[in-house]
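In what follows, subunit A forms one complex with subunit B and a second complex with subunit C.
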Partner chain A sequence: MNSNQQLLKGSLSVIILKLLEEQERMYGYEITQKVKALTAGQMAITEGALYPALHKLEAEGLLTTETQVVEGRARKYYSLTKDGHTEAVSRISELGIMLENLQRLLTLKPAI
Partner chain B sequence: MLTPHHLTLLRQDLRTLAHIEYQEVENELLDHYAMLTEQKMETGQVFEYASANAWKELGEGIGLQQIQEEFIKNIRKQISSRHLEILKSYFRWPTVIGTLFICGLVYQLSTVLGPKTIYIVTQFLFLSPGLILIYALVRKEHRHTDTRKLAWQYMNSRANIPTAFLQFNNMLPFFLNNEDKPTPFLLMHPSISTGLACVLLIYTLTFMELYRENFSYKTAH
Partner chain C sequence: MALTPDQLTAIDRHLRKENWLLNEDLIAELTDHYANGMAEQLANGISFELALIDIHKGFGGRKGLLKMEEEYHTMQAKVHIRLLRSILISYFKMPRLGISVLSSLVLYGLNVMFPLSLKSDYVGFALATVALVTYFFAFKRLMYWHKSGFGRNDLANLVLQGSNALFLSFFYLRLFLPDKILLNLHPAVTTLICIVFFLYEVSTLELLMQYKSKRLKSVQS
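Entry: the complex of A and B
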């Protein structure tokens, strides 16, 4: 696993919540493609990480699902619950603060 | 767009090569596998090559098994939490009054019925979770093989706990007594037997409640 993927795994649930906040409902494959497109292929979510994360968020009551038959196969759409919306705001804000601090640390000028 | 025959072939891969058993996981992975295959077919690849490349991208089954394992773990955790929640509810206000009333009633009955009867009742209660499962098996056998598989597995394992205690109780006199016909431990200690009867009664009630829950997890085959 490269460092990009390790960072991605740690913040996967926040990414999912953020994407679902932007778009009302999404399915697994769509999420992987959206991440790939938004990061110009720099980041890729593997199925092995995505689906357990989706199932966990669903079990926590943050996501709700709806299955629809599309082109002869069942497609499971995920969307945020009311709690999911609240949690998304909180987790995105937490990650934002963490990234800001990380940015400060990484751009630290050496003491003279 | 994939034909129904193509989808059947992809489904077979999931079932035979990745051993996907749960319908919910299978449906989700089939859609993902199909989307990947379609994406490759759009670049001019024929179905056979496109699906083979998509399969490689999916980790050739190993990664998919991991998804199923995580799914099973997640559902088991949910069932176990639900059981614990039911158990806790018997000790919450105002249900705790009912629980104390039942225990008081069992204690009163034990003094009236005598140690031998309460010992027999306790023995029966040890087996009651297992008896509920037998009843469920007789009445809804199809549900046992097709749906509620994980919930069933959980209940099976939990029903074995009281049975193991019963066996332990029957074995204990052989270690404690040197007589020819050793008296069972619980028969010698009616107060412990009464206490256990209360615990087992509550456990059986939680078991019945858990059994009545409508678990919707389905298996693929």
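Entry: the complex of A and C
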């Protein structure tokens, strides 16, 4: 696993919550494609990381699911619950603060 | 590019036979993912076999898929327990609190009017038999959930089933224990036992109905 993927895995739940805030409901494959498209292919979520993250968020009560038959097969759509909306705002804000701090640390000028 | 029925069958075989997955809900979800990913790769001129290998790799191979299924069982058990808990709690809040109070009063009345009469009462015995049979089916249903996604190692689930069995056994032991042992049992105690069992069963039933209607909706749409 490269460092990019490691960073991605740590913030995967926030990415999912953010995407579902923007779009009312999404299915697994759609999420992988959306991330790829938004980052111009720089970031790719592996299936092995995405689905456990989705299932965990569902277990935590942050996501709810509904199944629809599309092209003759079942498709599971995920959407945010009421708690999920609240948690999304909180986690996005936390990640934002962390990134700001990280940015500050990375641009730190060496003391003379 | 839409996949052919043969290609969809090949994906299904790949997940079930070659990767040993058992959970129907997970298989359905992954089949859709495989189908979407492979349709895209086929449109780009990649062969079906290569596309299948590529997506399989994304899941971490067979090991990754099996691990995912195991985690899925645990997560689904949590979902079921959380839903069951929220339904149970709803019977202690308005407006459902009314149902609980009314049921308690009815059960208390029955316990006062027919104390320990089940043994000699034919109707009572028949009702108790029906209740035991329905409990057997309820237990079988929980076993099915266990296999299809109800957490394999979930302690909470085990405790829940265990306490249910304990309450039920205690209540129905009235049929088999000598009357003198239970003669002094206050109707309020038996009512409490009855209401716990009643609310648990009603909540489990509601949870099942929720899942059933969810699936029906998916078939109808």
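By our rule, the second predicted complex is superposed on the first by the 112 of 112 C-alpha atoms of A that agree within 3 Å, B and C clash if a C-alpha of one lies under 4 Å from a C-alpha of the other, contacts with A are read in each partner's own complex, and residues count from 1 in each chain.
One rule holds for everything that comes next: contacts are C-beta pairs under 8 Å (C-beta built on N, C-alpha and C of every residue); 3 or more make two chains touch, one makes a residue touch a chain.
All values derive from a computational prediction rather than experimental measurement.
K.L.:
Are subunit B and subunit C a fit on subunit A, or do they clash, once the structures share the same frame?
P.N.:
clash
K.L.:
Touch test for A:Gln68: subunit B only (first), subunit C only (second), both, or neither?
P.N.:
second
K.L.:
When the two structures are overlaid on chain A, which partner does A:Pro52 contact: first (subunit B), second (subunit C), both, or neither?
P.N.:
both
K.L.:
Which chain, subunit B or subunit C, ends up touching more residues of subunit A in the combined arrangement?
P.N.:
C
K.L.:
Figure out whether A:Lys76 sits in contact with subunit B (first) or subunit C (second), or with both, or with neither.
P.N.:
After superposing on A, A:Lys76 lies in contact with both subunit B and subunit C.
K.L.:
In the superposed arrangement, does A:Tyr29 touch subunit B (first), subunit C (second), both or neither?
P.N.:
both
K.L.:
From the options 93-101, 111-119 or 165-173, pick the one stretch of subunit C whose C-alpha atoms clash with subunit B.
P.N.:
Between subunit C and subunit B, the clashing stretch is 165-173.
K.L.:
Counting contacts the way the document defines them, which residues of subunit A are shared by the two interfaces, the one with subunit B and the one with subunit C?
P.N.:
27-29, 46-48, 51-52, 55-56, 59, 67, 70-76
K.L.:
Of all residues in subunit A, which touch subunit C in the complex?
P.N.:
Those in contact with subunit C are residues 27-29, 46-48, 51-52, 55-56, 58-61, 66-76.
K.L.:
Where on subunit B is subunit A touching in the complex?
P.N.:
For subunit B paired with subunit A, touching residues are 1-2, 4, 7, 24-25, 27-32, 34-36, 58-59, 63-64, 66-67, 70-71, 74, 77-78.
K.L.:
Of all residues in subunit A, which touch subunit B in the complex?
P.N.:
It is residues 27-29, 46-48, 51-52, 55-56, 59, 67, 70-76 of subunit A that touch subunit B.
K.L.:
Subunit A touches which residues of subunit C in the complex?
P.N.:
Within the complex, subunit C touches subunit A at residues 2, 8, 25, 28-33, 35-37, 55, 58-60, 64, 68, 71-72, 74-76, 78-79, 82, 214-215, 217-219, 221.
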